[in-house]
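Please find the structures below.
Both of the next two complexes hold subunit A, though its partner changes from subunit B to subunit C.
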Partner chain A sequence: MAVRIEPVRIEPVRIEPLAPERAAALAGAYEGAVAASRRRSLAILVALLALVLLAGWLAEVRPLTLAENIGGFTAYLGRLVPPLAPATLPADLAAWYWGLPKWLALLGETLLMAYLATLLGGIGAFCLCFVAAANLAPSRSLRFLARRFLEVCRTVPEVVFALIFVIAFGLGPMVGVLALAIHSVGALGKLFSEVVENIDLKPVEGLRATGASWVETIRFAVVPQVLSNFASYGLLRFEINVRGASVMGFVGAGGIGQELLVAIRNFYNADVSAILLMIILTVVAIDLATERLRHAILGREAAR
Partner chain B sequence: MNRPASSLRAGALADLDGLRRRHPAAFRTPPGRRLAVAVTLAAVVGLAILAMVRLDFSLMRLLDGVGRLGDFAVLMLPPSPHGQFWTFLRALGETLGIAFLGTLAASVLALPVAFLAARNVVPNPFLRFGVRRGFDVIRSVDVLIWALIWINVVGLGPFAGALAIACSDVGGLGKLFSEAIETADRKPQDGVASAGGSALHRVRFGLLPGVLPVLTSQMLYFFESNTRSATIIGIVGAGGIGQYLTELIRVLELQQVAFLVLMILVTVAVIDLISGRIRRAIIGPAAH
Partner chain C sequence: MLDRRTLLGAAALALAAFPAAAQDWKARYPELTLGVIPAENASGTVDRYTPLTAYLSREIGVPVKLRVAADYAAVIEGQRAGNIQLAFYGPASFARAAMTGVRIEPIVNQKHDNGASGYYSVLYVKADSPYRTLEDLKGRNLALVDPNSTSGNQAPRFFLQKAGHDVDRLFGKTFYAGSHENAVLALVQGTADAAANLWNSETDTMVTRMAAKGMLKNADGSPMRQSDFRVIFRSEFLPEGPFAMLANLPDDLKGRIREALVAMPRKDKAAFDRLSDGKDLDLTPVTLKDYQPIIEMLRFNDEQRKRS
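Moving on to the complex of A and B:
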């Protein structure tokens, strides 16, 4: 069918200049609006300043100490790096990384801690997330309980769990794993249940119509939809847990943290920089690798 | 969920063999895929078992510990401050102060640097790459490590804690800020440029008004998470409620520990509530 387009003739419009009193009123309104927005910005600024002063008083901020010691910070960072002369580089490096085998073993332990904690936390979160999701929860009271449990798990910092567990279970990396795992249950459980709340409900209805049980519905209608997102969040958590596992040793819960703590407290500066560098390189590498992997997983899902 | 008495299910189960014959594809998983799943599962479980062996997991210790945790749970009741309520409250205030100052300082430091890492502001890829990797390096050091370093510089106390939080957040905030700046709408900036504005004008009037709400919302998120971090930096002596928490756990004053944990839970919930309100007020409910 052919569409006939009517030619439109645009009438030339002449803009009449505003009457002076009207122009004055508009200008006044504009000034008023600008002044109001200025006043609001000023009020926010004053409130912020008051909060800063209050917080500064509470946190015992001493700008003078900082000004005095800021040079100390850079000097400290400078002291951390051992002397490396080009002529004796291999020997210098060997002296710097004198404890490499021990540190590598501890770093491996740290990574295994993070892996196991992420896995256990992921399993726990997987079991709880369907109960905690608004669209699938079998009952309101069960959902309420699951949500509160997840909240407590993720609000109490993992180091606090580790402190308590060290007394209950004794020193060692198992404690670190348990502490990180509980925290991961809370953090992942929330993210997982949010993913579940955003699924397409049509497959769920289809399975329900065939008389499938709750578990069957989850298995065949929900899990295929959410698994790739779960994996992506799990990888993200793994990276966070590697960082967390690196300080678990501060409270005696295994990993490389113990060595680092001893080195920093005793001013073994070369050791501090050696261990820090190893941690940084590991975390950055894992960050890049998991990001790649996550994009691959989510990209494959999107391409389907 | 009640299960509907379904004739569909009964019929399907009765005719299962017929269905299998007529729709073979629906009942079969391709063997390649099945193999991939099996290999992945085996790798995951194998690594987990290796980890458990290397990390000295033992069922006996686990059961012993769980029993002891049960005893601790009984000892925690009822939570009570034992007359130290005001001391704890003051420490909690200190914690919030640390988190607030740390977040603010980190934002102030991260904002100008984040512009350097944004593609649409600084076209130089080398500078951008360097700044980005810098953020990654800062981010990969845990806040407790930063706290130890700052204690060596400004001494024990909450000030070191605030500086530690500021440092560890510069990386994370900088990364998020630069991403927010990169996704900002170009058109207002083009408008300012076409009206004869300088590069600085473009940033101030074309870019900043658009991204400021997003940045504020991210700052509030970090403030929420920093109230949690600030509760633990006392463990290494950098102020806040963590100092009391560590001491009381060490001497097993579990009623006070329970009280402190409750205080932290309530505070974090309140902070989350308030900052959620402010976030919604700033960027509108549509953005959630």
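Moving on to the complex of A and C:
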């Protein structure tokens, strides 16, 4: 059956202009309100600026000094790179990377530390994130405890954990792995629990209605929804941990850090640039690899 | 036109300008910075050097500000950038600064209570440990101080090499504790089996200084003494590190700094005694030549590093 749509006639409505004094009063009030809000914004801006200046002054941050001495910084970067002439390039490169076997071994150790720390941290964060998420936590007090625990894990700097563990467990990469893993639990746990808080709750309700336990609900209603996000945060963390593991050697916790520290402190400038370049290239490689991995995971999910 | 009046005027102007030129550096350096290597932990270093900066401010006529650097290299970089005009170095960090092109002049160094303007580097182990010789330490952990520390890194490497041991091969792990005190603490805590450190005389070592501050305790809380540590290796004599200033400071200012430092043990004995807990006798003038052996030592170590 066809439906005929009747055109609707709209009666024009005449709007009476306001009495001039009323209009003037309203306009005045409007102007006043706008001006007040502008004044407030301006006051906040001025206060903010004053606080920034005060903070800078107290912390002895001097932008003018920075501007004056920026040349010193670029000069340092210039000093870092050794002379490389096109004619003698292979020899120059060999001299630059004289310590390549040693550095590669140390870099390998650094990567393994980062890998293990990310894995352990990821497992810890996975176990805690569902308890810490507002929409799934079995009880308020458990959630409170989980959240505070994650905060402790991520607010204490890795280097501090490493220093404590060096005293407790002695020197070596294990200390670095533990320190990085604990920080990863805290950081990933927060991100994971936020992912969990954003899920669609309908599958959860569906499973609960069948009488599934809490663990079963998590496994079949929540995990499939969050896994790809977890993987992408985990891979990002791996990248961050590679950088973090590079510093661990500073406190005797293994990896390439100590070699880098010695080179910086002793002004072995060519070595500093050589090692830094190796670390940067490694992080670039990891970034490219993890991006492909993440897309592969997402693609598989979309195909399902 | 050149007549008597203009000549007189010019002469008067020149006379008036002369003291102005002498005070000219005060406009360029309204404040000086004394950079100090962190041989001890930062608060201890501040206590030690604050009377010295007060004395220097009085003598030089401009405020002298104290900066305790986070590590030895920071003092070197500060001098290179010109932000630190006056610095207290260890011999190796001074040599490293001179080797890497910082134009500096050494002024004075400290004379210890045994009459020597220098000291030794030692390897400590705990007295109750089984280690008696260097061979016993094979595969054990060594706490060093800072890459630029003389007694805590460069001298042990150099003199152990001469004794037929490569530090990196002899020890299982070596690490930099950051300061002389931290290296001793690492040994006490058991993080390290041996620690490299400075040794001025029988009665003035890092251990006696830390014991005086109550920093060294046995597990049962009783204070540790020098006899709780055993020296299993001692280096040859090392010249004490200098106070040094930038070579490009105005001559007038340099003269004042030099005078003030040379006269300090007599002019302000309290401040001078504070530097060494009253253990030092005097400040003696030094020249770049006194540090030539240290520069050679660093060159040797740098070469050795690439060979091993």
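The working rule: the second predicted complex is superposed on the first by the 237 of 304 C-alpha atoms of A that agree within 3 Å, B and C clash if a C-alpha of one lies under 4 Å from a C-alpha of the other, contacts with A are read in each partner's own complex, and residues count from 1 in each chain.
Note that a residue touches a chain if its C-beta (ideal position, glycine included) is under 8 Å from a C-beta of that chain, and two chains touch if they have at least 3 such contacts.
Here the structure is a predicted model, which is why all the values come from computation and not from measurement.
When both complexes are overlaid on chain A, the residue A:Val152 reaches subunit B alone and has no touch with subunit C.
Contacts of A:Leu112 after superposition on the shared chain: subunit B is touched, whereas subunit C is not.
In the superposition on chain A, A:Gly72 makes contact with both subunit B and subunit C. Between subunit B and subunit C, B touches the greater number of residues of subunit A.
By the document's definition of touching, of the two partners only subunit B reaches A:Ile280; subunit C does not. In the superposition on chain A, A:Ala55 contacts subunit B only, with no contact to subunit C. Look at A:Leu261: by the touch rule set out above, it reaches both subunit B and subunit C. Of the two partner chains, neither subunit B nor subunit C is touched by A:Leu45. By the touch criterion stated above, A:Gly172 is placed in contact with subunit B and with subunit C alike. Applying the stated contact rule after C-alpha superposition, one finds that A:Arg243 touches subunit B and leaves subunit C untouched. Comparing the two complexes, residues 69, 72, 167, 170, 172, 250-251, 261, 264-265, 267 of subunit A contact subunit B in one case and subunit C in the other. On the side of subunit A, the complex with subunit C involves touching residues 69, 72, 98-99, 166-167, 170-172, 250-252, 258, 261-262, 264-268. Contact residues on subunit B toward subunit A in their complex (touch as defined above): 1, 3-6, 8-9, 12, 44, 47-48, 50-52, 54-58, 61-62, 64-66, 68-69, 72, 93-94, 96-98, 100-101, 104, 133, 136-137, 139-142, 144-145, 148-150, 152-155, 157-159, 161-163, 228-229, 231-232, 235-236, 239, 245-246, 249-250, 252, 257, 261, 264-265, 268-269.
Looking at the complex, you find that subunit C touches subunit A at residues 71-73, 76, 81, 96, 100, 141, 146-148, 173, 175-176, 189-192, 302, 306. Subunit A meets subunit B in the complex at residues 51-52, 54-62, 65-66, 69-70, 72-73, 76, 108-109, 112-113, 115-116, 119, 138, 151-152, 155-157, 159-160, 163-165, 167-170, 172-174, 177, 208-214, 217, 243-244, 246-247, 250-251, 254, 260-261, 264-265, 267, 276, 279-280, 283-284, 287.
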